[in-house]
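Shared between the two complexes below is chain A, which has chain B as its partner in the first and chain C in the second.
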Partner chain A sequence: MSKLGQAKRIIFLKTADGQLFEVDEPVAMEFEIVKSFFDENEDAADDTVVPLPNVSAEPLAGIIEFCKAHVEFRANGAAGKDEVKKFNAEYIKEKSNEQLKELILAANYLNIKEMLDFLTETIANRLKNKSVEYVRAFFGIENDFTPQEEEAVRKEYEWAFEGVDED
Partner chain B sequence: MNTATEEFNASINIPVSMPATASYGRLQQQILGICSYSMMLIHSIGTTLATDKKKGMEERRNNGFHLPQDILYDILMRLPTKSLVRFKSVCEHWCHMISDSNFCQVHLQQCMSKVMIFSWKKGADRSNGCYSSYRLDETGLIATKLGSLPFLCRPLFFSVACCDSLVLVDQDKSSPITCLSVYDAITCHRRQLLPCLQSLDRYLVLVYDASTQKYKAVVLSTGQSPNLVHCYICSLDSENEESWRQSTPPLRQDVTLSKFSSVVVKGILYWTAERPHERPRLRNINEVFLIPRPCNINEVFVQPLNIATEEFMESVMVPRLPQHRYSIPNYHMKLLEIKESLCFAYQASPTELDIWILKESIWIKFHKLCFDSIINRPTDPTSLFAGHLFLPWLVVEGCNSKVGYMLIQHNANSLYWYNLDTNEMKRIAAIDESGGYVSQLSVIEN
Partner chain C sequence: MAFLPQEILFQDILPKLPVKSICRLKCVSKSFMALFNDPLFIKTHQSQTHRDKLLILPNSDLYLIDPKTSSNDEKLTTKGLNFSKDGSIFFCSCNGLCCLYVSQRCVCFFYNPSTRECSKEIPIPNHINEDKCLDIPVVDGFGYASYIDDYKMVILSYWECLTHIFSLKNNSWKRIHQYEEKLLGTTTLVNGALHWLNYSAEKILSIVSFDLVEEKFKSFPPLPDYFQSCSTTLYVMDCCLCMLVTKIWVMKEYGVVDSWTRILISKEHHQKPIYQSKYLSVKAFREALVSPNCYIGEAINDS
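Up next is the complex of A and B:
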């Protein structure tokens, strides 16, 4: 088991679609699931490949990019500064709703608290001014209200349906 | 691994190839998540058809995007009340989740904790003092200090406006040239704005323009000739040098603007203004007794400004105020926003606050607040409010209650949450025990 002060350790991660990722130890240790794997298997060989059968390569690459940047921010004492906000905003700008959903599922499986916080916040921000129909489409939810029930709910909160973004 | 665990693995799709030791913590969490989810289902569905519905719900969840319940809960928890009440009509499951009393309680407290308080406390030499910002904790009842402005000032010469975590300050109102700066209460970043005008009697507002996603500083000035009120607006760009634009309000010079009373409702900034009442010219002395006249009551109206277009709109009259002889309406009126409608609050007596809501151009009496529980001793209704001033700052709405909580300032620095559904009051732990007063409040958006 490599400890601090020794040569930089690389962690090998294998995704559901069979891709092998080589990740610096501090970045991989952001993933709670990987961290607990090594905590509980202290004698694991250095070249152990950790299988991640619930994560495919695309979201994992995105997650590694995010965690890598955040590990660096913390090392530079920049945590909580404008720099981080700027990075986060840039990072998420180009991501589609589909990519965002894949990222949050993967981050949830890998159990990365900081990233989960950021992603839930992002989804909440994307949804907050949207219509009910948009939200249903986003989550793949079927409307199970009868038209009368839905009408009644809408009527009670009429004010909340004004000034909603176009889908 | 025993059989029960394996079955769980299969149903929640955790691969068995994963080392058991590594997945255990996560697995346990997921099991807990599922348990609490099932409990919520049982709790919310009631007795009839519980099993059928549960089956239907499971199927539907499997058709859509498999978002774990704890993540969905976290996303919903971060949404504003307006979105939550709208999303009650997404599906039955969401409606139950959002209506759940525990969820509502936590969400409401979270909204209450987003309040930032900006307050002045006198310094050692008694005239100069220091402005500090405070944020409420997760219970909404204890204020913790965020930071202080890096200079001393006298409140008489100081003007301030808040929006989110930003504070716009005019350091010296007595100086003819504005010395405005914007200060971020969270990051403590401070930045000076270009001077905008040369006049006295300035009133500041800081607003967020959703159409351009920029904050705008608004300065109204009444002390300038000719007989006009001037309005200067500038956007706070992050990089570029800001520039002041002028907009002409349909206000005459003799109006008095209330520095406390501005509110933004759906992109419109409303401001209360007063002008001395014009009495009808008397034709003969008998009319003095025949025509009922208000005593010392000024004409009060609300002046709207469209934040996006920066154009003033037609003024709105306020509801008829009670005509008591010694009132100084300026200090006893406040504009508010409730359910995205403009509201007007007026302290009608030492212990009462009347609230009207504007619906389709008609003012409707909405609520009457009573503060007898705060003022335990008898009051003399003929005296000048018996020294009690109640200033309602804002309303925090809950997603399951009729209204929610109103934050009310009593005199200089006592703050209370007033439950508009039950009329109960809770005191917020004192900000500055002595010699201070609360100057501004705002709700931090993020």
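Up next is the complex of A and C:
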């Protein structure tokens, strides 16, 4: 419900898997890609459906939840305060690494800088104490060192291998 | 399983990792290794991560303390750093790079405690030392000038009426005339210039700067009256004020008196309180990947 009681505009978004989302305008405008769509098509009808061919319904729902909360925090002057940190921690707690990756891909496509920053920070935090093997598997990276080369690098940074989490 | 594009990985995720993780992940692949050694990545990393640490030198060992966790101090293996037990060591830091001076042997090193990378020994010209008593810090300032992408170390030699400047990039010394008054105490690096608090002959407190690009001294107008009676030395660390008053205290929330928090130091140090240690030095520095050897050539081998 709009606080000012004005008729609020709804933006229609259609995902790659064909789901239609109805999103409040201020939340949809957090997505740079949606904002530029309307900037470029100023005379777009109110019921225009914006196609999002690179995003499926599950991550989009997650993104809307996050952006909606953050738009409200800003409106209430709570940006940067503890309740935001609490919300962010709660938001990320139950998300698997796979869900996080999907969210990052979607946030990147929709071009939401603040959320992308938060998500990539979360990934960095989850990875900082992980083993080399874990990180390779996580990002799908092939080891192109010879065993001798790898051993030499490991030896050079031996101290950095202390205190690594179990995979 | 979804994989993230390299662009997100290289630009948004990896620059957010601590230096220790980055050193470990150098052996993920050749592209990781190349990225982590890329000067552009090193700069991006520096601007994105702000992890401040304290480097403590109670005797001949180096300890790293993270004020955020404040409980586990890490002893650094000072490979290549040839500290003798009774030589006093003085150091300054800038951008995560420390400049260490070993008085007994009249040499200095450039050392990054985060990557544990160390430069070769740089001998201090003999004539400078005749002015300096062995236990007095000899390096007066150390700083980075982004305009010329160079680190410079400054030594004031009153005996010779000269200021000696060492450029890491050129790996060479240069001499200029000294400042008209004797500058004392620690320097603060701002804007590519080192700054001293200086009492003039008339006991007026003002700031004197030394521009690392132009290599020139400049005197600022006297400080306002209300600063004239101040005598505090402060560190700036992670936007927190830090003071060393027999223990290390951090003002965790800026301006909140109740937030002064004592940093815990492990048992080993308690047995020998750090303020009693003759050669104690404590420096705050910001964790970074910067390599001394990018500037002055080959690293020394571990032995």
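In this text, the second predicted complex is superposed on the first by the 161 of 167 C-alpha atoms of A that agree within 3 Å, B and C clash if a C-alpha of one lies under 4 Å from a C-alpha of the other, contacts with A are read in each partner's own complex, and residues count from 1 in each chain.
Keep in mind that, in the parts below, a contact is a pair of C-beta atoms (placed from the backbone, for glycine too) under 8 Å apart; a residue touches a chain by one contact, two chains touch by 3 or more.
Nothing here was measured: the structure is a model prediction, and the numbers come from that model.
Aligning the shared chain A places chain B and chain C in steric conflict. In the superposition on chain A, the chain among chain B and chain C reaching more residues of chain A is B.
In the superposition on chain A, A:N108 contacts both chain B and chain C.
In the superposed model, A:A61 lies in contact with neither chain B nor chain C. In the superposition on chain A, A:P51 makes contact with chain B only, while chain C stays out of contact range.
In the superposed pair of complexes, A:F37 makes contact with chain B only, with no contact to chain C.
Contact with both chain B and chain C is seen for A:W159 once the two complexes are overlaid on the shared chain.
Of the two partner chains placed by superposition, A:A75 touches none, neither chain B nor chain C.
For chain B, the stretch among 24-32, 222-230, 240-248 or 258-266 that collides with chain C in the superposed model is 258-266. Chain A uses residues 101, 104-105, 108, 116, 120-121, 123-124, 127-129, 132, 135-136, 139-145, 150, 153-154, 157, 159-161, 164 to touch chain B in one structure and chain C in the other. Chain contact summary for the complex, chain A toward chain C: residues 98, 101-102, 104-105, 108, 116-117, 120-121, 123-124, 127-129, 132, 135-136, 139-145, 150, 153-154, 157, 159-161, 164. Only residues 32-33, 36-37, 40-41, 50-51, 53-54, 82, 101, 104-105, 108-109, 111, 116, 120-121, 123-124, 127-129, 131-132, 135-136, 138-145, 150, 153-154, 157, 159-164 of chain A touch chain B when the two sit together in their complex. Residues 13-15, 17-19, 21-26, 29, 56, 60, 63-68, 71, 74-76, 78-80, 82-83, 85-95, 187, 266, 339-341, 446 of chain B are the ones touching chain A in the complex.
Chain contact summary for the complex, chain C toward chain A: residues 1-5, 8-9, 12-14, 16-18, 20-21, 23-33, 77, 116.
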